[in-house]
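Consider the two complexes below, in which chain A is the common component and chain B and chain C are the respective partners.
Let's look at the complex of A and B:
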């Protein structure tokens, strides 16, 4: 098929609509697929590209997302829709103003972000978070692939700090409407209650939307590692460090540190370790850097969970490690290539 | 009254939870000006560690052994600045002697450490919070290390951002301020872990 036949090319040639040409070319890509032929070697036969990478992540997130809809009803769909619409508007307006292609990054950010939110988050807060995350987390740094911090986490962190009262009081038990603020980690901090393991695995505990159905998250995370979309080093280092640190801490101060299994299965830890710490853009390039980043994430998470005023440490620790990632890369490269320089 | 804080706890508190840059926002000017280049950021960071350690120890001694017995506490601002300026001058001569290359990269910014708010800030905090000698030394060293970690991570981030297609109006200081803001937001997670006074 010749490129000039389809409706999107025709639309983009209409004079008044020229400004929005980038929107039409994206729609064309979605409907007709990419027909570009590679010019120079290497000619890769698989037409894998960012869009397909992103769709793998979205497929892996489906169990958690569907479970969230089952547990908390159709309001979850509204949260996801608001996140997509607001994030998409920011992305599209940047692409139109800066005359660049619309990038696919927000397809993943748009679903990862709402799944980190508590079930009863007001929609306007969802909109503020999605706006802040996509704008200040990604677009001002130059768009997809240039961001220093994970955009979904930037949005989540911003609303946590900006609306602390609202964000800690909108948790719900699954399949009920009673609002509570007692997440398993909060219960441990307050009364040393240990939530049973099967309740945690199947999602029968209060928590953020995407985090509660842990079996689905583990399955999705393993799927991503299996098809090599995400790297196995960071999650293993992250989860291993949390378990080890909690074990050692529990040995010396059992009432202060939550036990290892509870630490592993609560909060956004599994979700963060599998889907956010592994983000190829914001994690270190080198393999040794990935191990170090995972270990640092683990240490920060347990420290913040145990000692700080916040019950949840995953998002803070991942953003902190995001900030340290360029230094880690610089340091590791300069050590590795010391011999070459001389 | 000297606060009852273990020096080791105080050390970690000054590096992370009350980081002099990202929690107290002291020493911003050189943080933003020098972080363009990784090597000089590293050099300046190390210089700040040394200067902070020396000046907090010296100023503790000057305050408690000279000013307090003579009832001259009201002179502390002038005296602190003079002690800082003198020790920076000596350090400058030492660096010039040992490593002329580092001296050239630091250039004007070494004398400017004298007026780095982080240095005077730390010295005044020592005095306000009534730290003991060991606590002062540890707090000075920890604050310096915290400053160094913050500036080298920002320098590495800025190096990575050099080639990024950032909107024209935000290039340079704009994107740097946004990055610092996001870093400070992440450091808020540590709030409440360790107390410093």
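Let's look at the complex of A and C:
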């Protein structure tokens, strides 16, 4: 197999397809691997690369995704497909315009985003969210690596605010078609109902597609931490803070704060802590910054859940901390590296 | 004696790579000619003291210049001086003496002192170290009362001897030792101790070399001057700056710390006790590009072309690399002589081919800092080649570079400045100067960005602007106290 005469190179030489050369070179990279060799030292390179890295995230999301399909049927597949197609089109068009290879990041965004959606979200809203998320969450900042906000969350936030009626009334219990709006957090807020732990772990509660099968999320999250693709600091700080804050709050005002275990096992907390707050691009670059970001996420989440009109606060918290990240980085760097006195 | 355990933060342990050199040492037949550059690495050219046509013995002095910072040069074979001419070595022009072998294989002794080494005075040892050519070894040469090092002999308070097995491929200690075995290392160290009365000698070995550490420790149990340390064999433990900052109680501000490897110590022993000048090296042939991975005892000045001929595993095209695959130079031109700074030649297969669906394979033999390939859980030897294993992508701040950086820098931050050509005081503030050029950041980069090269570019620009010291001139950085660097 010579690098120069494979099908993708041939395709990119066809006159009408020349402008799409970037698509073919990306595909060629996926199928045939890279032909590039090191120049000078270091002469060898680690075998990890972005495709493997992103594939690992997708694998870690599989338990949650498969559970969603099991609970809510093939419609979930349609949601995921729409997200991939619309998000992919935005990504590819920008790559073609910029004449750069297609970045693999959208493969993860494309699946993280639909799993944050309620089970009965109409497909056109999925499309709007995916479009908005990739375009305004990522591409306008200059593409992968330069975005400030998690693109999946930007999309999710946009449709939450733009279509509040639709987005709050489309929850379903697993394995049933009955529409409900009573998520475990909502039930606690309204009537102090505490959903049994096993129902929460196994997914037998209303919630967004990917957030209910919590055993699977925990397994996926631990897997990612174990293979070092996600940094353990943020989830530990995030979940630990939520538990601690809820415990202290519950000590003083037991009827206002949901108890720690319920906090941990409801809403999108586990999903957000393991898969969204850990996005390396949008989280602080220093280890201390990661701890602080996790703690801030935890504080915001409990505050929003307890005192705001929204029942859930994970999405807002992570977006908020994303916004704080550049400031956090700057502050930490200025403490870590004192200005040179000359 | 208690063996101190030391290490550093960051770094990466390269484990189980195929192509480690076996312990055996093979002596090759004498070469058809030797080319002996009169300028040693880091030194000035010495003056030739032989003429064309003159008969010389192995070990006979052929060049010497006591007035410049240089090292005496010896013939590495017995024969006749064929010519003296200019050659280019590592981009520098130097005179070289070319010698053809004759019939005899007679040796000229390095010195004529009748006394045993432990009866010799410091002055006598000084002279032997210089006149035998051994003083050209180590990071800064061996300071003597002669013009043999930039470091003044009186300024040496600490000497480091390191052999930490921390690279991808490592020279085997057993293969270095001649007939004398560990005795050569022990005596060599003792000689260093006598030659440097006012200095402490720190011997840093991989903690996996239990037997050797034990033997050294029991020999130096009563010796206050010599300390033995066991380290994790983590790259780049052998780096001079990392060694200096990881040994407790060393003044990190000074540049006056010569660093040696074990082979240098064996050379010291051989010069003083066996009267053998510096004319040969044990060189490890590592990497899967060689048919056989073992050590060869080679004469200095032998053409690499002749040494490497027929030793590669055909028909692959391979890249020959000097000393380290992480920060060694590629030997593009094999028409050059073996020099005293070489201890390993690594043959790595070139790979322009790529691999079908590489990202989806289990990776039974793929190394990675993250356990994303099954090789991390299997006992098989890992393979390596020159392929960069992925497409260059935007930095996603995965942070692996910062995890492995032995100087606790943030390469993901530094490279962004250098990439956009924003090279100013900001980078000085972020301590870019502390980078030790270990290249690990580039090795681990998920996005295949040449991080280390960008940082190096930044350093060079800053040095040209006078904002930092010249690279290579740095001691160990200004604030290399690891406690202070933590946030």
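The definition used in the following text is that the second predicted complex is superposed on the first by the 334 of 342 C-alpha atoms of A that agree within 3 Å, B and C clash if a C-alpha of one lies under 4 Å from a C-alpha of the other, contacts with A are read in each partner's own complex, and residues count from 1 in each chain.
As a working rule, a contact is a pair of C-beta atoms (placed from the backbone, for glycine too) under 8 Å apart; a residue touches a chain by one contact, two chains touch by 3 or more.
The shown structure was predicted, so the numbers you read here are calculated from the model rather than taken from an experiment.
**Student:** Tell me which partner touches more residues of chain A in the superposed arrangement, chain B or chain C.
**Tutor:** Partner touching more chain A residues in the overlay: C.
**Student:** Looking at the overlay, what does A:27 touch: chain B (first), chain C (second), both, or neither?
**Tutor:** neither
**Student:** Just checking: does A:143 make contact with chain B only, chain C only, both, or neither of them? Give me first, second, both or neither.
**Tutor:** both
**Student:** By the touch definition at the top of the document, which applies to A:92: first (chain B), second (chain C), both, or neither?
**Tutor:** neither
**Student:** Using the touch definition from the top, say if A:281 reaches chain B (first), chain C (second), both or neither.
**Tutor:** In the superposition, A:281 contacts chain C only.
**Student:** Pick one for A:229: touches chain B only (first), chain C only (second), both, or neither.
**Tutor:** Second partner only, chain C.
**Student:** Which positions of chain A sit in both the chain B and the chain C interface?
**Tutor:** Common to the two interfaces on chain A: residues 143, 146.
**Student:** Quick one: in the complex, what on chain B touches chain A?
**Tutor:** Of all residues in chain B, those touching chain A are 38, 152-153, 156-157, 159-161, 164-167, 170, 175, 178-179, 182-183, 185-194.
**Student:** So in the complex, which bits of chain A are touching chain C?
**Tutor:** Answer in residue numbers: 1, 3, 29-38, 40-53, 55-56, 101, 103-105, 143-146, 226-229, 231, 280-281, 283, 285-288, 332-333, 335-340.
**Student:** Which of the residues in chain A end up touching chain B in this complex?
**Tutor:** 98, 100, 136-137, 140-143, 146, 148-149, 154, 157-158, 161, 300, 303-304, 307-310, 313, 315-317, 319-320, 322-324, 326-327, 329-330
**Student:** Quick check: in the complex, which residue numbers of chain C touch chain A?
**Tutor:** 168, 319, 321, 324-330, 348, 350-360, 363, 366-373, 384-400, 402, 410, 412-413, 425, 428-431, 439-440, 442-448, 452-453, 485, 487
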